[in-house]
Amino acid sequence: MSDSCLSATIAGITMANPLVAASGCYGYGFDYRHCIDPACWGAIVVKGTTLHPRLGNPPPRLVETPSGLLNAIGLQNPGIAYFLKYIRVRLPELGCPVLVNIAGETLDEYRRLAALLNGVDEVAGLEVNISCPNVKKGGISFGCDPALVYELVCRVREAYRGPLIVKLSLEAGNIVSVAEAATRAGADALSLINTIKGMVIDVQKRRPVLGNSTGGLSGPALRPLAVRAVWEVSQAVSVPVIGMGGIMQAEDALQFILAGSAAVAIGTANFVNPAVPKEICDGLKRYLADNGFTHYRELIGLARPGS
Amino acid sequence: MSDSCLSATIAGITMANPLVAASGCYGYGFDYRHCIDPACWGAIVVKGTTLHPRLGNPPPRLVETPSGLLNAIGLQNPGIAYFLKYIRVRLPELGCPVLVNIAGETLDEYRRLAALLNGVDEVAGLEVNISCPNVKKGGISFGCDPALVYELVCRVREAYRGPLIVKLSLEAGNIVSVAEAATRAGADALSLINTIKGMVIDVQKRRPVLGNSTGGLSGPALRPLAVRAVWEVSQAVSVPVIGMGGIMQAEDALQFILAGSAAVAIGTANFVNPAVPKEICDGLKRYLADNGFTHYRELIGLARPGS
Amino acid sequence: MHPNSDFMHRCELVDLTRVAQGCFRLKLYAPALTGAEPGQFVHLRAGSSTDPLLRRPFSIHYVDQKAGEIWLLIRVVGPATSALSRLRPGAELDLLGPLGNTFPAREEAAAAMLVAGGIGLAPLYFLARRRLEAGLAFDLLLGGAEGSSLPGDAFFDCAGLKPMLATEDGSRGFKGTVVDLLKQRLESGEKPSRIHACGPVPMLARVVDLGKIYAVPVHISLESLMACAVGACLGCVFPFKINGMLEYRRVCRDGPVFNGEEAHFNFV
Amino acid sequence: MHPNSDFMHRCELVDLTRVAQGCFRLKLYAPALTGAEPGQFVHLRAGSSTDPLLRRPFSIHYVDQKAGEIWLLIRVVGPATSALSRLRPGAELDLLGPLGNTFPAREEAAAAMLVAGGIGLAPLYFLARRRLEAGLAFDLLLGGAEGSSLPGDAFFDCAGLKPMLATEDGSRGFKGTVVDLLKQRLESGEKPSRIHACGPVPMLARVVDLGKIYAVPVHISLESLMACAVGACLGCVFPFKINGMLEYRRVCRDGPVFNGEEAHFNFV
């Protein structure tokens, strides 16, 4: 099948395929270049970026769990000023649209980040992280309250005219209400799910393994929860949903698409298999051909009752 | 080490050890008798019981996920009247305390179930399931609203004078508030976590695998989330916490105990290894001996800062 | 009663042989299990990782009492079966069993008909050999998509079995499905005492339909994803219609062999 | 650039030998990796299950350019290393590499001192053989809890290496830790050009302290749990103090070899 069967437009961003490199798992897009051409992605979302540089959490920052990974990076990043000065100019080398994932500690920080990125040509859009489980202030607390999410997204929307994606957490309990609030406030798309807060205890040392005590769970362990979240949210909102959580292979990506994802993001799987975007594209094409579809778009939400 | 190093008293129930067979995974306690003596448990919680008999959900009811299991049994059970008439009398054969897990569709159903079980000698206590993800009415919806939980537990408390355990879900988002509400209303102990709602899609059939579309995730995939929940809840309340979620071996049980569990429940692991209660008891004793402790009680919450 | 009691076993793999494309026969040294009857199964753990997490059920394919062995016949379809197919003799397997009920009524006037679809052969081979040993008449019908997916003649010859084969591509035996073959036999006036069937659910549904038409009782051995396999979790149920009422029965504990007439196939 | 490009390899396991208790040497046919230098590592996938999920980093233990092989030296500590130890020649391994930086400054007046704790031997053996081949002076110090946990004499002899051993139980060589041995050597007036150390973090901290006291530069090769191993996830960082400021550096990309003086051991 020709490549065009995977072309996608999400929140006004034209992408060669519906695969997105998930924030925090692909650096600024350059680290995997020796393994695979970054242009094979539909889009890349860079590491969570904050107003001021952040040192991040003390190590250990990672611990493996059954079919999952807990991370507590703590949004280590050099800050928006550094990004704009040094990283921005190199982004066009990547050969695909690049989105910036932003995280603030206050509503005003989110607004200022959005304003600083408004009109920046090299950046195709924003992903607003209201759901990072690894920062003390801001982060998760914003993401659980639909009223606060509405207010936050309104402010970002005023400050930023480009494509705006809001990234949701499943921890809210009421993910559908939060999704509706974000959409009402002007989000062009939603991405979900972020990692879920977890903990592993070192029984020999009798304390949590991670330097930050808790971390965010990603990887296949999470996948059934993420598919369910996409299923629920995509039926409640009319904007496109970018699904993610434990996608390792084409079959997993198909689950998300059939559940209602217009695009899928891939994080942890890159650590296991850097060729994953290419393999999934190939797998999607094969599935389309084998099952008589001409474009992946026809599959979106097809597992829903009545489709 | 002698067996007495594992003796426990939870909510006034005297148990030979802190291991509890989790509701829904051990039938009424009799099914595993050919593999292992039920008396090896500290206590057994029987299948969720409702006021009226329930047929349960259409098959398929199970699907395996990475390091996890999704189930959508839908509380199939013969109802409380059958339980009282036919099953109750056989419970003493099991040789350990037996608790009944109750689930209602309305506050009044919970109250009536509690009243019917009040004073029943063969039943050591109640576990109030306010968190089953597999029933349409009641179930999860109760478990997410602290005010409703308070009201529900008050009514059950009035109707039932024996040991009362309330079973929480992580889906609430605000599990700590729900835990506090249950405790204020008179719960003698809390058990957590129940399964979390998830979904798997059959990409060939292009519809959810489970007959009920969604199911509850259990097993090791869940464990880091459950340990974190125990960590948070046990620091917020003063009643004992029964931790569960993906415990497969002694080391996992230790994680829960060090995080703050006074007892641990084991569900899915029985399916993989029916000898699990015995192996975990042995492992706990070995750990106590190797590390110079005399009773497992000394370990409860020991991983917390300042312990 | 204690772990490693009646139902929990660690058995050594004695032999593993490929008998057809993607299909392997395993011989396990398991004297404690040689009392098993046709229809019963074991619940087997393939590896110690949590992925795959659950045990897997496999029919007991044969019991060699003299050698103290039980045999399994396994088709590779996913991670557990593929891990099993890569084992080497000497490996130790952790299994629970014997579990489930058995095919009923071994002695009857007319010949029984044993109808196997694909890997459904596993328990029916055992039943066939038992009937042979007991001198009871039967016919064994076996179907598959292609000839290569079914064991070769030697596999049956050395057991003294003469199955009637049906392949959809016509490469061996009758051209068509095993249900087509069964239908032909019934149409031609044969009147078996009963039919024992094992295979995919759609096949079983069609066999039960034929049984109704020709007034032959049908016993089916069902498959289902299992968690506990001992009746505790209610995860493996199949719908039945008993006196017009829908009822879910546990394949592991109430089955796996059921009265075909009562199975509520339309529901699935 | 495409998958299976510069950094992604599928290599055949040519040989697997047990060289000490719980310690195995693997030889992989991997001509594309024979340009690797001492200190570099590969990121290896052990199996296709999602448990264990992540790849595992292993130092390149030696490069045999003529045979087109790279060697690994692996101590069994958990699921991935135990799965690797059970492989058989002919197995195919999926690896990423060569990754990371290398031990610096191979040519100097005085002898370098290579200090290995346990499996820390893996990269220092490579460095030692390279120095031997280049005619550069060095001493190799190797410590372990017991003699049986260290490879036997033949392992070193056939490479022309003469390590000084230290065992805590005194069963082979010096009785004490390898740090005690190093201390004794420095106290006795030896003045190495520099120290290259690899082993557990507490050992490295003590070696760096000694280096400060005796004014010898120390290079340490650090370990850390890794996810990506290419610098993308920021998961493997170790704290450093640069000009009095705390800074987290990526072991995978900025290391694994670091200037010991800058490592902020007290922080951990």
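In order of appearance the chains are A, B, C and D, and numbering begins at 1 in each one.
The rule is short, and it goes like this: a residue touches a chain if its C-beta (ideal position, glycine included) is under 8 Å from a C-beta of that chain, and two chains touch if they have at least 3 such contacts.
Note that this is a predicted model, so its numbers are computed, not measured.
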* Structure fact -> Chains in contact with chain A and also with chain C, listed by label, are B, D
* Pair sharing more residue contacts (C-beta pairs) when B-C is set against B-D -> B-C
* Centre-of-Cα separation between chain D and chain A, whole angstrom -> 36
* Using the average of all C-alpha atoms in each chain as its centre, how far is it in Å between chain C and chain D? -> 53
* **Where chain B and chain D are represented by their mean Cα positions, the distance between them in whole Å** => 46
* So which stretches of chain A touch two or more other chains? -> 66-68, 219-221
* Mark out which residues of chain C touch at least two other chains, giving numbers and ranges. => 50-52
* Viewed as a graph of touching chains, is the assembly arranged as a line, ring, star, complete set, or other? -> complete
* **chain C-touching residues of chain D, taken from the complex the two chains share** => 49-52, 79
* To do: Report the residues of chain C in contact with chain A in the complex, numbered from low to high.
  => 50-51
* List of chain B residues in touch with chain C within their complex -> 24-27, 31-37, 47, 55-56, 58-64, 66-69, 71, 73, 76, 219-221, 248, 268, 270-275, 278-279
* **For the chain D and chain A complex, residues of the former touching the latter** => 1-8, 45, 50-55, 96, 224-239, 246-248, 253, 267-268
* In the complex with chain A, residue positions of chain B that touch it -> 65-68, 70, 144, 171-174, 196-201, 203, 206-208, 213-215, 217, 219-225, 227-228, 231, 246, 251, 254-255, 258-259, 287, 299, 302-303
